[in-house]
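Have a look at the structure that comes next, please.
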C-alpha cells in the first residue's frame, strides 16, 4: 500500500510542477504583448471613444496599400482617457501612435514621450501646414517644435431650436451675450421644466469657451501663475453662473442628466452648447420630422461674434515606437483630404484642413457651416502639462459659485491660489532647467 | 391568535426584506431584455413590452464583453489556484509545524491587517512598472497570490488536525511534503473548497487595483470593462443592465451552487483568535 | 533542524508575495509621502525633491481633503450603525422559531453580498435617477415629493449609504445568526417563565451576550466602510459638488489621475492613521464598558 502511494505521489508532484511551468510560460506570453507575424509590422494605434469604432472601415484601404503593416486599433474610454494615458506612460505600455487631445499634448511633451515631427512634415507631400486652420495647427507647436498633426477639430458652439426661437420672436441665433441672455430668458420656464440651455455642471468646456472669448489670458507670466482674478475671467464666470441663477439652465451634472438629445428634441432645452459629433447624434436620435427644427450657430461673444476653444485631436508618434516610419505612413494616409472626408462621413469628426472642407458631404451640409466659420476664430488653451487639472479646478470653483457657496470674487481668488500651488513644480522645473544650462 | 399574528408579521417582514434585497437584481435582469430607449418613458416600465436579446448581441458582438469575461475567468482562476496553494502551505505551517519565530511572524502578519491595502498601491504600481508588468495579467495576479485572511483561515481549520496523526506518519518515515500532500490536504478539503470560493469571488469582484494596473482594454476584467462602459454609454440603460447581468450572473450562480461552503468560511474567518 | 527548514519552505512562497507586494510597497509609500514625486519626476528622476512633511502640511490646508475626510466620516458614522441594525434585525427575524422557508430567505437576503459592486452600483444609479428612476416613481405613487437623489449634494451620500447597506447587510447577518445560535435557549425559556416581553429579552439577554460579536462586527465594518471607493467612482463620479469624494477617492484622483504620487501617499497614510485611531478607540471604549458591566 505504501509502496503504491509513492509513485502516485511523485506523479502528483510532477503534475504540480508541470502545471506551474505552464503557468509561468502562460504568464510570460501574457505579459509580452507584441508579436511580429511573418515579417509584418504590427502598429498599435490608440483612439478614444467613437473614433475607434469607425477605424476598421477607414483602415482597410491603408492595409491593402501597405501589405507589410497591420494596424491594431485600441479604444480608450473617453472619460477615463486622461488617467489611462498617464498610467500607460508610467507603466511603459505606450502604443506606436495615438490620437491625442490637443490640450493633453503639452503633458506628453513635458514627459518627453512624443516624437517631434518637423522634419517629417517638411518632407511630406501630403501634409501642408498652410492648409490647416491656423490656431489648430498652433496647438501642436510647443516651444517652437511640432509634435502632432491635427486629425480632427472640435470646438464647442451652439445647437439651437430654430422653431422655439422663432416662436419667441427671434429670427436669428444670438450674436452677443446680451442677445443670448434675452433669448435664454424668453425660452426658460422652470415651472414647466423648460430651460434655455443645458450646461452640465461637471463639464468645463463650456465655461472654458466663454473664458477664452475674453482678451485676458487664463495664465500669466509665461504660464507660471493663474490669471483667474482678471476682469475677463470674472466676466465669463459671472455670465456662466447667472445662467443658473436666473434658472435658464438646470444645475445638474451629466451623471444626472437623462438623454440630452431626446430632451432637446422635446424642447426641454432650446440651446445645447456642444461639439461637432452631436450633429450626427441629433440626426440619428431625432425623428426625420424634427430635423428641420434645429440648427447650429457660431458662439456669441461678449460684444460680437465670439472666439471658440481650439479643441480637437492630433495624431502623435511615441518616442518608444520601433515602427516610426510605418506610423508616419499611417498619419499621412489619415491626413489625406479624401480620407478626412470619409472619416467625417463615418463618425462626424470635422477635418482640420480647409481643402477637406471644400468638397463632399461636408461642403453641402448646412449644419456644419457654423463650425467652418467658427474654426477660423478659435484660441488655444494654455500649453502647460497641468492644464487638464487646472480646467477641472476651474469647473469646481464655478460649481461652488452656482451652489451659492462662494461669490464670484471669492471663487476666483481661491482658484488663483490653488492654480499657483499646482504650478509650483512647473515654476521650479523651469528655473531649475535654466540654472542647469 | 396572537402567535399566529406574530408569525404573519415576522414572515411578512422577511418577505418584504427579501423583496428589497432581490428587486434591484430582478429589475436589472428585466431591463436587460428591453429595447434600447424603453426605460426612458414615464412611468418607467417594469417588464419588457417585447423581450429582445439586442443588448446582449451588442455587448458581445460590438463592445467585446466576451473578452472581458474571458479575462475575468482567467485572472480569477489563476489567483484562486495559486493563492490556494500558497495559503494552504503557509496556514498549515503556522498551525502544525514548529519553528523558531512562529508566533512572532504570525503576529506580524495579523498586525499587517490593520494597514489598508490601498496604502501599498501607489508604490506597488511603480514596482510593477520597473518589473514591466503594468497592463498585464501578471500585474493583477501576483499581488493577490497570498492573503493574510486566507492563511489565517487555513490555520484556524488546520489546528483541528490531531497531532498524533502527523506524528504517526513521521514515525513511518514519511517526509513533510508527503505528509502535507497525502494526509493534511485531504483533511483540509472543506476549507479548500471554502477558501477557493471566497478567493474566486473576491478576485472576480475586485475593482480598485485592476482599475489602476490595467491600462488597455485587451486586459480589462469585467468590472473594469463595465465601469468604463458605464462612463461611455451612461445613457444606454438597457445595454448597461445587460452588462451588469453578464458580470453578476457567474458569481451569483457559483454562490448558489456552493453557498454552504461559502457561509461556513465566512463564519470561520470571523471567529477571532 | 530539517523540520525547521521544511516549515520555512512551506512559508516562503506566501511570505515572499506578502513581503514584495505588500510590506515593501507600504514602506515605499511612507518614503514616497516625504517627496514630491509627480509627473515631472516620472519623466526625469532628477525632478524629485525631498519635501519632509510638506505633503501632509499642504493636505491640511486643502478644503477638499477635509471635505473628503468629512464625507468618509459621515459614511462610516451613519452607514455602520445602520448596516448593523439592519443585519441584526434580519438575523433576529431569521433566527426566530416562527420563521418559515428559512433557507430561502437567508439566501435571498445574502444574495447582494456576492454581487459585483460595480455592476450593482450601476443598477443603483439608474434606480435612483431623478427623472426616470423607479425609486422616485414609487415616491410619487405614494404621494411623496420626488428626491434629487444623485444631483443634490445633500442626498448623494445618503443614497450611497443606502446602497452600501443594501449590498453589505447580509454579511453581518450571517455572523449575527451564528452568534444568536450560540446563546443557550434555556435563558430565553427562563425569561419567558418570568414573563419578560420579547423587547426585554432582547435588551437583557440577547444584546449583552452578543456583545463580543457586536464589537468584532463593528470593528470589521468600520474598517471596511473607511475604504469607500468603488461606490462613488461608479455611482456619482465623486459629485455632485464633490459631495461624495471619499478619502480613497481623493487618493486615487491625486495619485492616478494627476500623478502626484507623493501627496497621494500622504493621503493614504492619513487614512491609515485615522482608521487605526478609530478602531483602537472602539476597542478601548468597549473594554471599559465591559469592565463596568462586570462591576455592575
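The letters A, B and C name the chains in turn, as written, and every chain counts its residues from 1.
FYI, contacts are C-beta pairs under 8 Å (C-beta built on N, C-alpha and C of every residue); 3 or more make two chains touch, one makes a residue touch a chain.
Values in this document were obtained by computation on a predicted structure and should not be read as measured data.
Enquirer: Give me the two chains with the most inter-chain contact pairs.
Expert: B-C
Enquirer: Where the centre means the average of the CA atoms, what chain is farthest from chain B?
Expert: A
Enquirer: At what distance in angstrom does the C-alpha mean of chain C lie from that of chain B?
Expert: Roughly 17 Å separates the two chain centres.
Enquirer: When the C-alpha atoms of chain A and chain C are each averaged to a single point, how far apart are the two points in Å?
Expert: 36
Enquirer: Would you give the residues of chain A that are in contact with at least 2 other chains, written as numbers and ranges?
Expert: 87, 90, 255, 258
Enquirer: Could you check chain B for residues that touch two or more other chains and list them?
Expert: Within chain B, the residues that touch at least two other chains are 40, 125-126, 177, 212, 231.
Enquirer: Can you list the residues of chain C that touch 2 or more other chains?
Expert: Expected reply: 125, 131-132, 237, 256.
Enquirer: Hey, which residues of chain C end up touching chain A in the complex?
Expert: Listed in rising order, the residues of chain C that touch chain A are 36, 38-40, 42-44, 47, 49, 58, 125, 129-132, 148, 150-151, 153, 236-237, 239-242, 256-259.
Enquirer: Any idea which chain C residues touch chain B in the complex?
Expert: Listed in rising order, the residues of chain C that touch chain B are 3-4, 6-8, 10-11, 13-15, 17-18, 20-26, 28-29, 32, 90, 93-94, 96, 98-100, 104-105, 107-112, 114-120, 122-127, 131-134, 137, 166, 170-171, 174-175, 178, 216-217, 220, 223, 226-227, 229-230, 233-234, 237, 248, 251-252, 255-256, 261, 264-265, 268-269, 271-272, 275-276, 279.
Enquirer: Using the touch definition up top, name the residues of chain B that touch chain C in the complex.
Expert: The contact residues of chain B facing chain C are 3, 6-7, 10-11, 13-15, 17-18, 20-22, 24-25, 27-28, 31, 39-40, 42-44, 46, 85-87, 89-90, 92-94, 97-100, 102, 105, 109, 112, 114-127, 142-143, 145-146, 148, 151, 176-177, 180, 201, 204-205, 207-208, 211-212, 222-224, 226-227, 230-231, 237, 240-241, 243-245, 247-248, 251-252, 255-256, 259, 262-263, 266-267, 270, 272.
Enquirer: Given the complex with chain B, which residues does chain A contribute to the contact?
Expert: That would be residues 2, 5, 9, 12-13, 23, 27, 30-31, 33, 49, 53, 74-80, 84, 87-88, 90-93, 254-255, 258-260, 262 of chain A.
Enquirer: Spell out the residues on chain B that touch chain A in their complex, using ranges where they run on.
Expert: 37, 40, 62, 78, 82, 125-126, 128-129, 132-138, 141, 172, 177-178, 181-182, 212-213, 215-218, 228-229, 231-232, 234-235
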